[in-house]
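In order of appearance the chains are A, B, C and D, and numbering begins at 1 in each one.
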Amino acid sequence: MIAAAEWTADEIMTVTAARALGSGMACFVGIGLPSTAANLARRTHAPDLWLVYESGTLGAKPGHLPLSIGDGILAETADTVVSVPEVFNYWLQPGRIDVGFLGAAQIDRYANINTTVIGDYADPAVRLPGAGGAPEIAASCKEVVVVLRQSRRTFVDAVDFVTSVGYGTGPGDRARLGLRGGGPGRVITDLGVLAPDPGTAQLTLVSLHPGSTVEQVRAATGWDLAIAPDLAATPPPEPGELRVLRELTGHG
Amino acid sequence: MPLDEGVRTLVRDGDTVALEGFTHLIPIAAGHEIIRQRIRGLTLVRMTPDILYDQMIGAGCARRLVFSWGGNPGVGSLHRFRDAIQNGWPAPLEIEEHSHAGMANRYVAGASGVPFAVLRGYTGTDLVGQTDAIKPITCPFSGEELTAVSALTPDVTVIHAQRADRAGNVQLWGITGVQKEAVLAARRTLVTVEEVVDTLDPVPGQVVLPARVVTAVAAAPGGARPSYAHGYYDRDNDAYRQWDAVARDRASFQRWLDEEIGAAVPSGGER
Amino acid sequence: MPLDEGVRTLVRDGDTVALEGFTHLIPIAAGHEIIRQRIRGLTLVRMTPDILYDQMIGAGCARRLVFSWGGNPGVGSLHRFRDAIQNGWPAPLEIEEHSHAGMANRYVAGASGVPFAVLRGYTGTDLVGQTDAIKPITCPFSGEELTAVSALTPDVTVIHAQRADRAGNVQLWGITGVQKEAVLAARRTLVTVEEVVDTLDPVPGQVVLPARVVTAVAAAPGGARPSYAHGYYDRDNDAYRQWDAVARDRASFQRWLDEEIGAAVPSGGER
Amino acid sequence: MIAAAEWTADEIMTVTAARALGSGMACFVGIGLPSTAANLARRTHAPDLWLVYESGTLGAKPGHLPLSIGDGILAETADTVVSVPEVFNYWLQPGRIDVGFLGAAQIDRYANINTTVIGDYADPAVRLPGAGGAPEIAASCKEVVVVLRQSRRTFVDAVDFVTSVGYGTGPGDRARLGLRGGGPGRVITDLGVLAPDPGTAQLTLVSLHPGSTVEQVRAATGWDLAIAPDLAATPPPEPGELRVLRELTGHG
C-alpha cells in the first residue's frame, strides 16, 4: 500500500472518480478532472467506456488529455461527431448517458450545485463561468458524480445560486421538477466520498480517504454532516492507477 | 469580399451579433475586425464567450451578452468578462444567461422559423428567474410540464469555415457545433474561410451551407487562431494559457489591444 | 445475427413497428421476413408506406397504419393499401395520417425524449380533426398559435444501411431521410446492412449510428431492393412500375405472396 | 407559331409551369409534372434555379428526370443532402423557398386542395395518397403553383377534404391561420391559368391557352368562375421549350 503522502488531493479524487465508471458505460465528460478521470478509467479497468463530450464527439478515444472539450483529437478519434443541438437533444436529454461528471464552486446538503456567482446575482462578489452543460447533465444522466475539494467555502448550507439541481429541497423534489435522471449519486472530495441518504436525500459521508478523519470532514462542511453507520474506507490508489494517471497528466 | 468590408457592410452599431464556433473554428479574425472598426452597443451572443468575447467586451464593443458558459476552456476565468460584470469596466454589461442546451435549442428555433423550442431543462434552477426567455410549457398530450425557450434570431451571425467556393457555398467539418443553426437563424451572415476554392470536394463529417444563406464570404487564412481549423492548423493551447495573464490586468489588456489589434481602449473606458 | 432471428427476437405481435427509409435504403428484406413469420396486429409506422407496406398490409400484418403519404412514388396508387381502407381486405385497417413535416417532427420528439414537437403546419386542414396526435399550442413568448404533434416512440424501428462494423456501429449515406431519428426514437432497433466490415471508413454525407442504439444487426445484401443502396446498387424503377399490375388484383397479389415470399395469404383473408 | 395540336395538355401545363420559375429562385419540387417543369426551366431560361426535393437534396441538378423524389441522381448532384426533418424545419418552414409546386385531386374556388380522399373520410369512395409535404408547402412557400387538369371532377365547389390550405374561406383567412407563405398564386391547367382575385381571393381565369375558350373553361369548373377583365392569351410553347421537354420526358 502507498502512504497518503504519495498522492495528491487531485489524484485521489481522480482515481476515486475513475472507479465510479464501469466498462461499457456512456459518460458525459467535462474538461479538467472529469476528463482526466474518464480517460484514466478507459486506460485501466474500463476500456469500453464510451466518452461523450459536449462538443458533439461521441465515443472519443483521445490519445492524450485534451485541454478543451472541443480539441481536434476528440473529433479525430470519435465514433462520430454530431452537432451541439444533437448531443444535447438526442443523447443527453433522453437519458442515454449513464454517468455525468460535474464540478462545482459551491454545493449544499441536497447536492444542489452553484457554478454561476458567489454573492448576489445582480451584483456578484465573484462572477463564475455559469451553467454550460451542467443543468441538463444534472437533470438527465442516470447518475451524476460531483467532484470538488471540500471546505466550508465550497460545502455550504445554501448555495448562492442553484445552477444545477441535485435533490432540490429534499426527497421527492426531483420527480416534482420532472428531472428524470437519478441525480448526484456520489460527491467525491479530497477527504472522502459523500452520498445522498436514501431517506433524507441529504449528503452523508459514506467513505473516508486514507489519512482523513471524520472530524476533519465535518470541519470542512458548512452544515451538520451526517455520517453513514457503515462508513467505509476509500481503497487507496493502486500503483498502476497512479502510474497511468501521471502519464496522462504529464506528471509521470 | 475583404474582411474589413464584410464587417463594415454587415455589422452595425447596436446589432445583435452571434459569433459562433464551439471551441473549433472560432471567428477570431472577424471579431478583431469588429474591435478595430470600433463598432459599439452590440448584443453579443455566443454559447461559450471565451477569449474572443473577453477581448471584445474589454474593448468596449458590447452592451449586452447572451451566453451559456463564460470561461477560458481548460484554463480558468475570463478576466475582462468578470471585470465588466463585477466592476462595469470598460462599460456596464447586461447579461442574459442560459444553459448550453437552452442556447442550442434557441438557435434551433431560430433556424426553424418558430418562436420557441421545447426542452427538458432549467426546472428547479435559479436561471429561470433571471430572464424572460425561459418559460414553463405544458405538453398538450401528456400534461407534463416542460420548458420553453424563445428563439434566437441574430441580426448577424459570423462564423469561420475551412472553405467556400466562388459561388459562396461554405464547407466546414470536424466539430461543427451550432454553426449551421446560428447561420440559419440569422438575418445576415458573414463567413470567413481559410480558402476560397473552385470546387468543394466532399469531406466526411462536413456541413455545407448553401450560398443562399450566406450573405458574404471573406477569405481570412488563419482566421480562427488561436482556436483551430480541422485539417489546416491545431489549437494553440499555449495562447489560451497566456491570455490569462494578459487579461488579468487592465493595463496589460490595453497594451495588447493597442499592439496586437491596433485599437487603443475607447475613451471613457476608465471610469 | 441472421435476419430471421433478428425479426423473431425483436418484432412481436401487436408491436408498433417503424420501417423507415425515404425512397432510399428501404428495409424490404426485413419487411418480407416479417410477412414470412406471419407477425400480426402490428401498428405499422412509416412516412411513405410505399410498395413495402402495400405488401405487408396485403399480407395481413397490420392492424393500424400511421403515415403521411401512401403512394407508389412516380407510379401511382397503392392498391393493397386502398383495398384495405376502402374494403377492409384482408382485414380492416385503422389509419392515422399526418403530413411529412408532422411525421418528421414526431420522430424528432421521440428521439429527443420529449413528448411533443412544435411546428408551423396543419392549421386550417382537415387533418387536424382526424387524430388526437395534433393539437394547437400557444407560444408562451409571442402568443402565436402553432401546432404540437405528439412524439413517436416505436417499439421497434427497422432500417437498412450500407454497412456495420463488428461492434455494431452502423453507417449509412446518400439520402438519409429520417432514419437517425426513427432509430433514436425506438425502444428496440434492427438494422439490416449490405455488409459487415472491420472498419467503417468515413464517407461524406454519412450518418453513423453508434452500436449502443442498435439492438441487432443482420447482414442482408441487396436487402433494400427494389429500392436502392447508394454506392451498392441502383433503384429498380421497373420493379416499382411492375408492382402496380401485381397489386391491382387480389389474386395476382396472393400469387406473388405465395411465389415470391413463400407466405400464402392468411386464412380468413377472404371475407 | 406551333398550332395547338402540336403539343399535348401535359406539355402546355408543363411549359407554362416552367415559365413561373425564375433563375436563382428556390423551388420545392414534387415528383411528376412539377419535377419535369422545374427541370425544363433549369435547362432553358432559369439555369440557376435551385431545386429542393423533400428527400433532403438541396440544389439537385439531375441529368435525367428522377422517377421518385429520392432517386440517387438527386443526392449525387446536390449541393448538399440534409435529413428529412431538416429539409422541412430548416428550409421549408422558415420561408426560404420561393415557389412550391402542388398537384391536386380536387381544388375549390379558394384554391384549397384535396389529395386525401374522394367521398367521406371514414368510408371513402377513393382513397388517395394523402398529404406528404403538401400542407407545409402550401403554408410556407412564398408562392404556390398548382398544376392539374381542369374538369368538374377536379374543380369543385367544395373539396371533400382540405389537405392543404389555399385561401381557406376567403380573404384574411391565411393570416388568421398563421400561414406565412403567399398561398397559391397560379393554378395552371390544360385549359388556362387561374389566379386569386386580389379582392375576393377566389380563383379567376386570367389566361386562356391557345385553342381553349372561356365557355370550355367555365364548363370544366364546378363553381361560377369569374373571368379577369384583362384576360390574357397564354403564349404558346416555343419550339425550343418543346424540344427540351421532349428530350427530358423521352418523347423527343
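In the analysis below, a residue touches a chain if its C-beta (ideal position, glycine included) is under 8 Å from a C-beta of that chain, and two chains touch if they have at least 3 such contacts.
Chain labels with UniProt names: A, D = Glutaconate CoA-transferase subunit B; B, C = Glutaconate CoA-transferase subunit A.
Nothing here was measured: the structure is a model prediction, and the numbers come from that model.
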| item | value |
| --- | --- |
| A-B compared against B-D, more contacting pairs | A-B |
| Centroid spacing, where centroids are CA-atom means, of chain A and chain B in whole angstrom | 28 |
| Geometric centre distance via CA averages, chain D-chain B, whole Å | 41 |
| Whole-Å separation of chain centres (CA-atom averages), chain A against chain D | 57 |
| Per-residue overlap in chain B, given as positions that touch at least 2 other chains | 112-114, 119-120, 144, 146, 180-181, 205, 207 |
| Contacts with 2+ other chains: residues of chain D | 80, 89, 93, 140, 180 |
| Topology of the chain contact graph, where touching chains are joined (line, ring, star, complete, other) | other |
| Pairs of chains found to touch, sorted by chain label | A-B, A-C, B-C, B-D, C-D |
| Contact footprint of chain B on chain A as seen in their complex | 31-32, 54-57, 66-72, 74-75, 81, 83-85, 88-89, 92-93, 116, 121, 124-136, 139-140, 161-165, 168, 173, 177-180 |
| Touching residues on chain C, where the partner in the complex is chain A | 111-114, 169, 180-181, 184, 207-208, 210, 212-213 |
| Residues of chain A touching chain C in the complex | 26, 50, 58-59, 79-80, 89-90, 93-96, 140, 180 |
| In the complex, chain C residues that touch chain B | 112-120, 132-133, 135-137, 139-142, 144, 146, 148, 150, 202-206 |
| List of chain B residues in touch with chain A within their complex | 22-24, 47-48, 67-71, 73-75, 77-78, 81-82, 85-86, 97-101, 104-105, 107-108, 119-127, 130, 144-146, 174-178, 180-181, 205, 207, 228, 230, 234-235, 237, 240 |
